[in-house]
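Per-chain numbering from 1; labels A, B, C, D and E assigned in written order.
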C-alpha cells in the first residue's frame, strides 16, 4: 500500500516534470524540470531495489551531466525559444498524433496483454528485505566479471567524447 | 548433250558488269563493242540453241538444265535452272532478237548522251533479267527476272534522273510493279504451302489431277493472284498507270522494255501457268475481262493524246489487253502470237518515233510535226509498215494475230467481249493512222530551230549533260537518222510485215505453224476437257466453221479500214474538224485527254491519304504523341515525384524526427499486432 | 507492491514525453534534454524488469546508458556550441541550410 | 590446331578487348590509334573466319564448346559454344567492325582513342552475347554492350545525343531487368544457368513450378528482347539513338545490337520456352506485323534520312520476328538469314548516310537533292545497297524476306499476306527517299561541289556490296549451316508436349501467389 | 582469470585502439605548422596492423570475455571490410585534410577509434557491448561529420546526425530493454535460447523497436531522412566512411539481432522498408544536382537492396547481404574518394555542373568514377552487379517475386541518375575551368584499393562469396 502511494507520488512528479519540460519556454526551466524528473526517478529506482543506480542517478546524472547542460545554456545565453512560422508541420501534424497512438498502443499492450500487470514488484519491502540485489557490491562484481569488456570499452567511448568536445568546441583559426 | 543455256543470260550480264564497273573510263567504241557484242553473242547463241532445240525429239521437251541449289530449307528447295520449251523458245528468240536490234538502234540514238556506259550497262542488265524470266524453270527464278526487269525499268525510266518527271516515273513504275509483285508473291506462297515446290514441272504435275474448279478454289486463288502480278507488269487495269509515265525513259528503252519485251512478261506468265489458269475458269474470265476492258480503255485514251510516245504507250496497254483477252479465252497461243508480232510492230513504231524525235531534236508533240515524209523517208516507210500492221490490215502481222484472238473470243462464246474488242480494234486503227497522218503528212508545223538544242525526249537533261548540247551536232531542220538507227527500223518493219505469216490459220488455208508448234505447251498439262479446245485456238474452235472465221476476219478488216478512213478524214481531209469536235465534246474530251484522271484519283484516294495518315496519325500521333510522349511523361512524372519527395527532406530536424516517429509507430503497431497473432 | 505494468507505462510516458519534446521544442538544447528524458524512460524500463527478474543485468545496462549519456552530453553540447558559433542561433528551425 | 579449336571462341571474344586494353596505353597519336584499331578488328575478323571454316555442317548441337567453371557458387560456368545461328552473327559482327573503323576514320577526330577503345570493348561484348551458353554469362555480355554503346552515342553523337543515349540506355536497362528476374527464377528453381541443362530440364518437366511460371518467364525474356529488337510499341528509342549516333555507332546498332534481340528471341524464348512461345506466337506475330507496316509507313514520311532508315529497321526486324514465331523451318531459316541481311544492308546504308553527313553535316532530306550529279559513285552504291534493303531478288534481302513470308504464310495465311505488303512499302519509302536525295537537279548550292567517295570510303563499301550480292545469289553458303541448327530448335519446340495451361485465371493466380511471397 | 586466448579474440580492436592512442600522442609532438602526414601514416599502419591481427584471429574462433564477444567467420569478414574501408578512407584523407585545412590531429584518431567501434559491433554478441560499440562508432562519426569547421553546413550536418542519431539510439535502447524484460538476458545467444523455448509476445515489440534504431543507422526508409543532409554537409572522406563502415557494422548488428536471435515477425516490416528504401532512394536521387547528395540518396536505395536480402531465406539471404555490403563498401568508398578529390578546397565543386567535362579535364579520374558508378548501377564486371545478382537470386529463391521486381525496376531507374553523372562528365561541355589537381599518392592507393576490390568482386566473386556463405552459417548455427 505504502509502495503504491510512494510510486504514485513519484510517478506524478516524474510526469509533471516531463510535462513541465515540454511546456517551459526557457531552456533553463526545462533543464531544471528534467532534474526533477531524474530525482523522482532515483527514488523510484530505490523503490525497485536499485540502490547503486539511485545513487548514480542523483550524483552523476542529475548532478554532473545536468550541470553541464545548465552551464552550456548559460554560456550560450540562450533566451526563450521563438516560434517560427516556417517550423515543422510534419512534426506537429504527423509526429505528435503518431506518438500518441504509439503510446496508446504500447500502454494498452503492456497493461492488458502481456500479463505484466499481474506481476507486482517493488516497494519498501525490497529495501528492508533479504534480497536487496542492486547494491554497489553486487553491481561491481558483475561489472568486473561478465561485463568486463564493455566496461573497458567505455574507456574508448569516453576518450572519443573528450576528443570530440575538444575538437568541436575549440575556436577555429588558432 | 548440254546446250549450256546459262551462257545466254550470262553474256549480257557480263557485258553489264564490265560496262557498269569500268565503262566510265572506256571510250564509246569499246562500250559499244562490249554491249553489242554480248547481246549479239547471246542472240547468236540463242539461234544456235534454237537449231539444237528444233532437232530435239518431242519427249525431250521441255529441255531442262539445273545448276545447283539456290535456297533450300526444310522440305522446300529451289535451284537455279533453265527450262526450254516451245514457249520459252519463242520468247527467247523474240527477246534476244529484238533486244539486239534495239541495242543497235541505241548506239545511234544515245550517241550524244551522258552516261552512255551506264545506259548500255542497264540495257544489258535488262537482257539478263529478261532472259532469266523466260528461261527460268521455276517460279522463283522467274520472279528474279520479273523483279529484275522491273528494277532495270526503274533505272532506265529514271535514266535522266535530274528530271523530276523522269525520277517520278521510274519510282512510280517500280512501286506499281511491286504492288503487282505482291500478288505474285502470295501466289508463290500458296504454291509452296500446298505443293511444296515452285518448279514448273513439280507444280504442273501437282495440279494435273485437279479438275477445273467450278467455283473459286485454291487454283483460282493462285491464278487470280498471279493475275495481279501480271496486271502490274503488263500494265493492265488497274495497275496500268505507270506505263504512260514510263515514256520518260529514252525511246529505245520504251521500245525494248515498255513495248516489246518486259511488259509482255505478264502474258508470258499467264501462258506459262496455263495448267493452273485452265483449271480456274473464274480466273480466266477475269483475265479476259480485264484484258478486254484495258484494250478499249487504253485505246480510248490513245485517241486524243498529242504526245507521240504517249499514244504509243496507250496503244501498248491496249494491245497487251488483247493478249490477255486471248489468254483469257484459252487461246494462249494466239496471245503469244500477238505478243510476238506486237514485239515487232510496236518495237518498230517506238523506234520510228525515236527516230522522229531524234530528227526533231527532242520534239514529241505531234502538233508540231507533220510532213516528215519528205525529211525522213526511211522512217516513214518503216512506220507505215508497222502502222498498217497494228491496225490489223492484211497481210501484215497483227492481222493474223489479233484476228486469232478476236475469233477465239467470239467462238468461245464471249460475244460481248468480242464486240468490245472489235471496237477497240477500230479505235486502234484510228489513233494509229491519226498519228501517221499528223506526223508524216501535211506541212511541217514545227519551229525551225536555229542552233537549238539537239537531244531527245528530255528537255531538262540538256541543261545537265554537257555533251548533249547542240553546238556539236546542230541541225536546223528535221533530218533522217543515221544508218545505225535506220537499219533496226528496217529489220523490224520487215518483220512487222511478214511476222504474221507463220501463223496463218487453217481457215485461210495456212499451215497454222505457230499454233501447232506451241500446242504441246498448252496441252500437256491441260485438264482433260480442255486439252483439245486449247489445241485449236480457243474453246469454241472445233465447233466453228472456217467460213465463219473468215467472215469475222472480214469484219475486222472492215473496222480497221473504217478507222483508217476516219483518221484520213479528220486529220488529212478536214483538219479543222478535230478541234471543233473536241470543243463540242468539251468535258468528255478533257476527261479523256487527262487519261480519265485516274492518276489523280489514285493520288487523292490512296497516296495522299496514306501519306497524311502515316505522317499525322502514325508518326506524329502514335509515335511522337502517344509512345514517346508517354515515355517522356513517365520520366517527367518520376522527376516530379522525385521533386515532390524532396520536400520530405525539408531540412528541419523536427520534421525528420516526425518521420522517424511515424515509422516507429507503424512498426510498433504492426509488431504488437503480430505479437498478438 | 505495484504492478510491473505501472512502471512500464510510466517509462513509456516518459519516453513519449521525450519524443514529444523532440517534436515540439524549438531550442536545440531543450531537444537534447528531451533525448535525455527518453533515455531516462528507457532506464526505468530496465530497472523495472530487473526488479521483476531479480537480475542485475538490467542495472548494469542502466549504468552503461548513463555513461553513454554522459559522453553524448559532452559531445552533443560541443556540437551545439559549434553550431551556435557558425549560426548564432539555437533555434532548430533556423538550422536548415541542408535540405531538399 | 586442337588448342585453337578448343579456345577459338575465347580468342574471338577477347581479341578486341585485348586490343582495347593495349590501345589504352597507346600514345595519343590519332593516326596510329586508327591503324591499330583497324588491325585489331581485321585480326578478329580473320580469327572469326576460323569458325565457318572448321564448322562441321549438319551436326546438331553446339560446336567449339568451351565449358569451364567460373564461379563455384552460384554455379556459373564459362560456357561458350556456337551453332549455325550464332556463328554467322559472330562473323557479321567481326565483318562490320573493320568497316566501322574505316567509316570513323575521319568523322571521329576528337577523343579518337576513347572512341576506338569503346568500339573494341563493344565488339567483345557483342560477340560474347552470341556465344554465351550460360544464361548468366549471356546476361553479363548483354549488359556489357550497353555502356560502350551509350557512351558512343552520348560522346561522339550529335544533336540531342545525350537524350538519345540516356533513352537508349534506360529502355534497354529497364527491359533487361525483366529478363534478369526470369534468369534468376530459373536458377532458383533448377540451380543452373546452363542453357543446355535448362533446356533439357524444362523439356523433361523437371523444373518445379514451371507450369505456372512458364508464361511469366517467357514474358520476362520477351520484354528484354522485344525492346532490343525493337518491336512496336517499344521502338521509339531506336530512331532517336540512330539519328544522334555517330556513323559507326549506327552501323553497329542496326547491324548487330538489334540482332541481339532477335537472336535472344530465337535462342532463349523459343529454345527454352517452346510451349509458351507457341501459345504467345499469335499476338507476337501481330505485333511484328504492326511493326512491319507501321515502321514502313512512318519511315515513309520522315524528313530526316537517318530517322527514315532507322524506322526501316523497325520494319525489317518485324520480318525477323515474324519468321521466328512462324514456327516453320522455312520461316525461321529466313529469319536467321534476314538478321544477317539486315546487318549487311542497313549497315551499308548507315555507312553511306555517314559519308553524306561527313560532307554536309545534316541528315535533313530537304538539304539534299540531286546528289547523283556530283556524287555518282555514291549514288551507285546507294542504289545497290538500297535495292538489297528493298529485297530485290538476287540480293540478300530477298532471300530472307521470301523465306520468312512463306513461313509466316504457312503458319497463318493472313500473316504472310500482311507481311508481304512490306514488299510494297519498302519500295515506297526507300525509292522516294532516294529520289529526294539523289535525283533531280542540284538546288542547294552547298551540294554542287561535293566530292565523290574517296578510296577509303569505297574500300569500306565494297565488302558490303559484295556481301549483299553473294548472299542473294548463293544463300546456301549460309543456309547450309543455319538450317540444321534451326531445325534442332524447331524439333525441340515440337517435341514438347502441349500441356501447359494458359487460362487467364491460372496466370493471375500464379501472379498473386508469386507477389505475395 | 581471463584466458589469454581471449585477448587474441579482441586483438584487432586492441591494436587499432593502440594506434589511435599513438596518433593522439604523436599529434602533440608535431608542431602546429608542420605537416600532419605522419599521423596519417600511423593510421595506415594501424589499419594494416589491424588487418594482420584479424588474419591472425582466424585460427582462434570462439567466444571471449564471458561470452560478450564472438570471433567467427562473420566477425572476421566484417573486420576486414571495416578495416579496408578505414584504410582507404585514411589514404584518401591525406590530401583532403590539407586541402580543406582540417586539423588532422584528432581526425585519424577518431577514424581509428570509430573503426574499433565498428569492429566490436560485428563481433559483439552481448547487447550491452553492441550498444556501447554502436555509440563509439556513432559518436566518432558525429564528430567527424563536423570536422569542416569553417563550413556552417558541416556543423549543421553534425548536429542533425547527432540529434537524430541519439533519438534513434533511444529507440534501439528501448528495444533492448524490452528484450531484456522479455527474456531476462541481453546476450544474443541467450535470447535465442530463451525464445526457442518459450516464445514471447514482448519480443515482437522489442524487435520492432530495435529495428527503428538500427534502421536509422543503416538509413533505411522511413528512417532515412537524415542521410541526404548529413552526407551533403560532412567532409567527403568522412561520408565515404559513414556511408559504408557504420552502415556495414549496423547491418552486422541487424543480422545478429534478427537472425542469431531467431526473432520473429519482422518479415513484412523488412519487406516494406526494403521496398520503400529502394523507391524513395532512387526516385529522390533523380533530380539531385549535388553529387554528394545524389550519392546519399543512392545509399538509401542500396540499404533497401540489402534489406531485400534480409527478407529472403536465411542462408542465401544473409550471405547475399554480406556480399552486398562488401561490394557496396568498395564502390562507394571509391566514388566518394573521387568526389573528395574533385571537390577541392572548401568543397567547392560538388554539383553536377561542376562535373561537366570532367572526362576531358581528368580522363583518369573520370574513368575511375565511371567504373564505380557503373558498379553502383550494377553493370557486369563490377562488384555491384554480383551484389545485386546474389540479393535478387536469394529473393527469388524464397519466391519474393514482388520484391524482386520492385527492386530490379528500381535498379533500372537508378541507372538513370548514375548515368546522369557519367553524361555530365563525358557528354557535357565544361562550365568551370577549374583544373583538376594531380592525383596524389595517398588517394591513388586508396582508389586503387577500391577499384581492385570492385573489379575483383565483379570478376572473381567466388572466394568472397564463400566467406559470406560461411559467415552466414556461423551466424545462424
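Please note the rule applied: a residue touches a chain if its C-beta (ideal position, glycine included) is under 8 Å from a C-beta of that chain, and two chains touch if they have at least 3 such contacts.
Bear in mind the structure is a predicted one, so any value in this text is a computation, not a measurement.
Trainee: Which number of steps is the smallest that gets you from subunit C over to subunit D via touching chains?
Mentor: Minimal hop count between subunit C and subunit D: 2.
Trainee: Touching both subunit A and subunit C, which chains are there?
Mentor: Chains that touch both subunit A and subunit C, as defined above, are B, E.
Trainee: Per the definition at the top, count C-beta pairs in contact and tell me whether A-B or D-E has more.
Mentor: Looking at A-B and D-E side by side, D-E shows more C-beta contacts.
Trainee: Determine the centre-to-centre distance between subunit A and subunit D, using the mean Cα coordinates as centres, and give it in whole Å.
Mentor: The separation of the two C-alpha centroids amounts to 69 Å.
Trainee: Just how far, in Å, is the C-alpha centre of subunit E from the one of subunit C?
Mentor: Centres of subunit C and subunit E (C-alpha means) sit 26 Å apart.
Trainee: Suppose each chain is reduced to the average of its Cα coordinates; what separation in Å results between subunit B and subunit E?
Mentor: Each chain's C-alpha centroid was found; their separation is 78 Å.
Trainee: Quick one: report the Å distance separating subunit B from subunit C, using the average Cα coordinate of each chain.
Mentor: Roughly 96 Å separates the two chain centres.
Trainee: Can you list every residue of subunit D that touches 2 or more other chains, as numbers and ranges?
Mentor: Where subunit D meets two or more other chains at a single residue, that happens at 170.
Trainee: Which subunit E residues touch at least two other chains?
Mentor: 128, 132, 135, 139, 142-143, 146, 149, 158-160, 163, 167, 201-202, 205, 228-229, 413, 416
Trainee: Tell me, which residues of subunit B touch at least two other chains?
Mentor: If we look for residues of subunit B contacting two or more partner chains, we find 635, 646, 649-655, 657-659, 661-662, 664, 666, 668, 672, 675-676.
Trainee: Chain pairs in touch?
Mentor: Every pair of chains meeting the touch criterion: A-B, A-C, A-E, B-C, B-D, B-E, C-E, D-E.
Trainee: Taking the touch rule as given, give the residues of subunit C at its contact with subunit E in the complex, in rising order.
Mentor: 8, 15, 18-19, 22, 28, 31-32, 35, 38-39, 41-42, 45-46, 48-50, 52-53, 55, 57-58, 60-61, 64-65, 68, 71-72, 75-76, 79-80, 82-83, 85-87, 95-99
Trainee: Tell me, which parts of subunit A touch subunit C in their complex?
Mentor: Touching subunit C: residues 3-4, 7, 11, 14-15, 18-19, 21-22, 27, 30-31, 34, 37-38, 41, 44-45, 47-50, 52-53, 56-57, 60-61, 64-65, 68-69, 72-73, 75-76, 78, 81-84, 86-88, 91-92, 95-96, 99-100, 102-103, 106-107, 110-111, 114, 116-123, 125-126, 131, 133-134, 138-139, 142-143, 146-147, 150, 154, 157-158, 160-162, 164-169, 171-172 of subunit A.
Trainee: What does subunit B use to touch subunit C in their complex?
Mentor: 646-647, 649-654, 657-658, 661
Trainee: Touching subunit A in the complex: which residues of subunit C?
Mentor: 1-10, 12-14, 16-21, 23-27, 29-30, 32-34, 36-37, 40, 43-44, 47-48, 50-52, 54, 56-57, 59-60, 62-64, 66-75, 77-82, 84-85, 90-91, 93-94
Trainee: Tell me, which parts of subunit C touch subunit B in their complex?
Mentor: 19, 22-24, 31, 92-93, 95-100
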